[in-house]
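Two complexes come next, and they have one chain in common, chain A, joined by chain B in the first and chain C in the second.
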Partner chain A sequence: MNTQEIRILSSQTRLNEEYIEVAKDDFRLTCVNIFRKHNALLRLMFAADERAETGCFRIYAVFSVKDEDRFVIVNSALGTDCSYQSITPDIPAAHWYEREIKDMFGLMPIGHPSPGRLVLHESFPAGSHPLRKDWSISDSELKVWSEGVVENEPYNFMKVEGEGIFEIPVGPVHAGIIEPGHFRFSAIGETIFFLEAKLFYTHKGTEKLFEKIGFEKGVQLSERVSGTSSFAHSAAYCMAVERLCGAELPERALAIRTLALEMERLYNHIGDIGNMCAGTGLAVGYAKGALLKEELMQLNARVTGSRYLRGVNTLGGVKCDFLQKAEDINSTLDHITIGYKQMMDMLQQSVSHLERLETTGVLSKDIAKSLGVTGIAARASGLNDDMRADHPHLLYHALHFESNLMAKGDVYARMMARAADAECSISMIREILSMRFDSRLAADIHKVPAMQQALGYAESPRGSLFYWVRSDSEGRPLRVKLRSPSFCNWPAMPFAVHGNIVPDFPLCNKSFNLSYSGCDM
Partner chain B sequence: MLKQIIRNLLSGKKTISISQEDIASARAALAGLEELKTEIDSIYSRSIRIRQVDAGSCNACEWECTALTNPVYDVQRFGIDFVASPRHADMLLVTGPVSRQMELALRKTYDATPDPKFVVACGDCAVNGGIYNSSYAVAGGVSKILPVDLVIPGCPPSPQQIITALLAFLKQQHR
Partner chain C sequence: MEHLQFLIILLLSPLVQGVIKKLKALMQGRRGPGIMQPYFDLIRLFKKEMVISETASWIFRAAPYVVFSSVLCAAMIVPVISVNADGWVMGDVIALIYILGLGRFFMALAGLDTGTAFGGEGSSREMTVSIMVEPMMMLSIFAAAIAAGSTNLSRIAETHAIVYSPSHLLALSAFIIAVIAETGRIPVDNPDTHLELTMIHEGMLLEYSGRYLALMEWAHYAKQMLLFTIAIDIFLPFGITKTGAAADAAISAGLYAAKIAVFSVLMATVESSRAKLRFFQLSSLLGGAFVLSMLALLMYIMMGR
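What follows is the complex of A and B.
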């Protein structure tokens, strides 16, 4: 079969989003064609319950075309059988999305190699799908779900059997102050043969809540999806809603958002480099990283009133003009730069630290590419994935920066990718502060148009971040899809730790520094 | 690295004041910390051990708890520390709106903590569910699941607010 046999039912282009509607039976082939012929990347995949308007469920797959600032969004209406041909066998990056869609909408991916539950745990009632518009749950079902004892749909861990293999279950409550998740190691002696991560313990029904609370309050919710990416989440969410409304943002708002994104990236990267020292037991490095991070958090609080840059974004622009505090930001950065250089020099000279990082937790480029890994993890494995360069938004087209590629994909490469990125952030912050903008902070958004859809995105400290929003016939949110970078990167973790020793797992984990809350939604 | 250690030893500055803006309030806070240490000394024989449990938080509250142990706040110098196991804890500090999928793990952690024990609900989500309150997937606050002894509001509460709240609470227990 080739492209000619696919009948495009409708196509519509708005900004850099190209929507292509095909029949359900052509969905898989269309996706595969775009994926292979245009060397495209699957950015996200989701479903929407449009039964009130068009009488059907619809599935969407968003691809970004290589070397072009263009998103191709393939979509199909599903029939009453609520199923479609899985694209996972051809595009492995789709595997979690299809399982998530099955959990939340009850749409069956036919041909998926492992279509078990993902988001909802065993005790959630069978045949119940929270993102359906007519969904409801009884108190007794909620009780059973909370108690977590009854298995309504069993969760089957992969069993590894053979001489000398034993299982180590860890979590969901861990030893450190970190987020909850369950890891099951199948180890041969100290060596990890297989790791299965059961996540979604922090699932909070965020997407359903977005539909309930309306577009405006959604800004606050987006800031609380993943704590250390609060700003990136709200920037991407606001961008989606603003594009939906056709709002043009004043340049000052774009500059402030870019500035805050880079400030968020900087405190994350410096803190993460410090945390990796905790993984190797290098207390001096850990303390130094924590100290520098704290200084940046206090800077955030002084200029925006929030250590996590919350409350800055609003639909149409920003509420807080901290470009005026350039002097404070510049002088703090002077201090940070000195301390950061000291820290990196020290780490580079610390042989026992480096010895633990090199050749540990290698993620190969092939696996990273096929799983759609994003951000630091992708760049450390030699994949050039950076939304700031690939899809320039906000002020990024006017700024000078390089995406720093590493090749080896080990823990050391991830540390150095962070270090290079942190230096880029410092220079970008200084560049923005040296520019001049008019004084308007926000565009007016009066009304959200009915039955429109739009994509919003950002490069968060962890990688590409997407929001997709659609309004209903009354201009309220019909669907808000969020895709955090951690959702793409978690499936890669088991590949990176394979063959490493169990005590190196915390180090590998810290080198990825993935968000549980952002992934679990 | 040796160079760095020597530099750290020679430079006088080990911790920085909690608030750079308001020196007076920083002094008061530091005085408060001394007071906290006295309280802990008298009630818990010099130490209180906290087990932190994330029950569906966005992770901002966790990072503020982690910040308590950084060189700026350095709560360990007052005998407060976070422990790896509930078996070693005097206090459970719970964050997040208690997602339904974490409820069982939270109950088990509580049961594993020896008596006497305190439960702290830290952050707006833990206090009453916060912005997630009306979601189907959360219980809506720690008090729906466990008896709560202290609430610390804030989204997230700053490290300074957490220390201040702990002090007030411990003083109250002493009386």
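What follows is the complex of A and C.
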């Protein structure tokens, strides 16, 4: 491939974001070049309806360059034919993004190997694309849709045939109180040969809602996208809007955000390690994990007024100065550290538990890399993917931590990656609490500039999390794209469970701890 | 009066279940429901409406009765606190195991009957497990039966000496593993799980509701206590009354309660201290137990005790 053929229409660098605009026909080649030459990672891909401003749809692909704190954002305006060359054949990580764009904007990825519906339910009216600015739905269509009986675009499950293969459909309604997801196993006896997960049952129109309610209220909305990552979502959203406005945050706000992110990570990781015990039936480990998590959430409630750390973030900084409550946090952490150590010792000595974890649900490094797997799942498979280290933000450049890599990619590796990460969080929380900051909590944000765009990101407990915002000519949100880690990790799960036995699936699933709601905006 | 001892099993088995649940909760650092909870559950279920799948045949409707009555019949031939039941065909172990087998067979059929994936999975797994458990259970009982010179449970209980032979101990350990497997407990099955894909016993019951579910659950509680009782009769029968006198019966009942309590603690401890085994590794646990029972038998034959 030759880079000379590509004509760059415009390029613009702001902070660590480098926007490269190319012609539609060069989009694929540019992406592939960046992907291959810079060993870049596709972080997210999305479209925006800019017809009011520029008369066309625009697609964006965000890459993060390896070993550099730099994002390259390739974008192209699409003409009236609403199609572009799919990059999925070269960059498999793009497969869901392109299908999502097709559902929400009606932009066709030409050459996508499996361009069926992803986000929209099959009863959703055909040819109706909700994120288009001129989208509307009639009452009769709404009725048909909400009843969910008519298949406007049928969903075709992969059919595996052969001797001894039988299908096990599971969900979308489950025995436990969890979110809806349909899993179709093609099993040979107890061994899983193929798994297809059909998600996206509860589309909530979050991105559309972001456009309507304005930047200010978006903070509260972002806190409610995914319960267990409430803070990471709002931190990433606020960051995007603050960068859009060019606001400089006071150090104290950065410290409080970092602190809250680590507190959120800690309660999640400890709870998740406990949940993995529920997958193996080790009731004592489960109870212990739930107990520690509860203590941490009560700490959250004491210092911020919210168990999920909601209401802390605001555009320009934070509203709640819980650095003052360092004593409570420190003493609770002392207690948690002891309990956590006991729990890990107990788990490490439970041969029956470890035996279930080891060699179960192996996700190979190659598959993790090509599907763009992120967070714990990536680090457990030997991929060094950690936004805190790759793109230091908030206070992370000043803190001491390691990204803990595991090699094997099995359930055990994911448990240990979580455990190491949790210990890191504890030491980071202590480090922040020992630092001194001035007392200003938030920068003033007067006005959102028109026609600007910016990225915001965070390392949530599940992995990298992105928000991209663009303002319209009046300084209102034109497009808010959010990409949660689960959106990257769900497609990897069928690969991890291949060859495992059906009763081990819940354990594999728990080890990834994926959110249904978080990727179904 | 001795003929009515099965009522002890029938009426007190939910209590035993409640006690085991309470013990487990305490071991996990939880408060747990009260020990009477299984009774309340049964009463609630008996009052509830039933939802039955349109694809269910008569097997689905008959199975709860067959399962319940098979446990009931089995309970009737097992001596609980008295072996003095003159004229009554008390306790042939071979009959007992086959009566229980009938219940199991119908439960597996019912799991398959509605055609759901989880029911089918549960039935298939239950049958896989029972292939390994049944012979192991038989052998361990035979080891004791040969020593007593009879397959009649009353005889075995009567002739048993307090002194234990190595063969007895081996057979007892194999039998305990069989009890764990038969009652659907960890490490074989997880009775508390909501994860449909991992279920064995619960999987077969998923389609049941209301009265039928109550019968199935009650049968399960009763079967659990019945198996404890068989273990007590065969391996720990000391103190069981042979005369039927009131004073003897009272001592016997007290001892029986203590022994059941020991089994409850044992079950709760095993269940709280281990994770469930990977399904395909059940064969090593159950196969190991089979070897134990085999050794018990061989040891008796070769050592004569």
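The definition used in the following text is that the second predicted complex is superposed on the first by the 520 of 521 C-alpha atoms of A that agree within 3 Å, B and C clash if a C-alpha of one lies under 4 Å from a C-alpha of the other, contacts with A are read in each partner's own complex, and residues count from 1 in each chain.
Methods note: a residue touches a chain if its C-beta (ideal position, glycine included) is under 8 Å from a C-beta of that chain, and two chains touch if they have at least 3 such contacts.
Just so we're clear, the structure is a prediction, and the values are computed from it rather than from any experiment.
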Q: Based on the superposed arrangement, let me know which partner A:Thr228 touches: chain B (first), chain C (second), both, or neither?
A: first
**Q.** Touched partner set for A:Gly148, first chain B, second chain C, both or neither
**A.** first
Q: Going by the touch definition up top, name the partner, chain B or chain C, that contacts more of chain A.
A: B
Q) Which holds for A:Pro169: it touches chain B only (first), chain C only (second), both, or neither? A) second
Q) Taking the superposition as given, does A:Arg356 touch the first partner, chain B, the second, chain C, both, or neither? A) second
Q: Considering only touches as defined above, state whether A:Pro250 meets chain B (first), chain C (second), both or neither.
A: neither
Q: May I ask you to decide whether A:Leu291 touches chain B, chain C, both, or neither, giving the answer as first, second, both or neither?
A: both
Q) In the superposed arrangement, does A:Thr206 touch chain B (first), chain C (second), both or neither? A) first
Q) Is A:Gly409 touching the first partner chain B, the second partner chain C, both, or neither of them? A) neither
Q.
Just to be sure I read the superposition right, which of the two partners does A:Pro477 touch: chain B = first, chain C = second, or both, or neither?
A. neither
Q: Would you mind listing the overlap between the chain B footprint and the chain C footprint on chain A?
A: 175-176, 284, 287-288, 291, 350
Q: Over in the complex, which chain C residues touch chain A? Could you list them?
A: 24, 27-30, 117, 121, 186-187, 190, 192-198, 206, 271-281
Q. Can you list the residues on chain A that touch chain B in the complex?
A. 121, 130, 137, 142, 145-149, 172-173, 175-180, 200-206, 208-209, 212-213, 220-221, 224-228, 230, 284, 287-288, 290-291, 293-295, 297-298, 301-302, 307-308, 310, 342, 346, 349-350, 515-517, 520
Q: Please name which positions on chain B make contact with chain A in the complex.
A: 1, 3-5, 8, 16, 20-21, 52-67, 69-72, 82, 84-86, 96-97, 99-105, 108-109, 125, 130-132, 134-139, 155-156, 158
Q: Under the touch definition given earlier, write down the residues of chain A that touch chain C in their complex.
A: 167-170, 174-176, 190, 277-284, 286-288, 291, 350, 352-353, 355-356, 360, 501-506
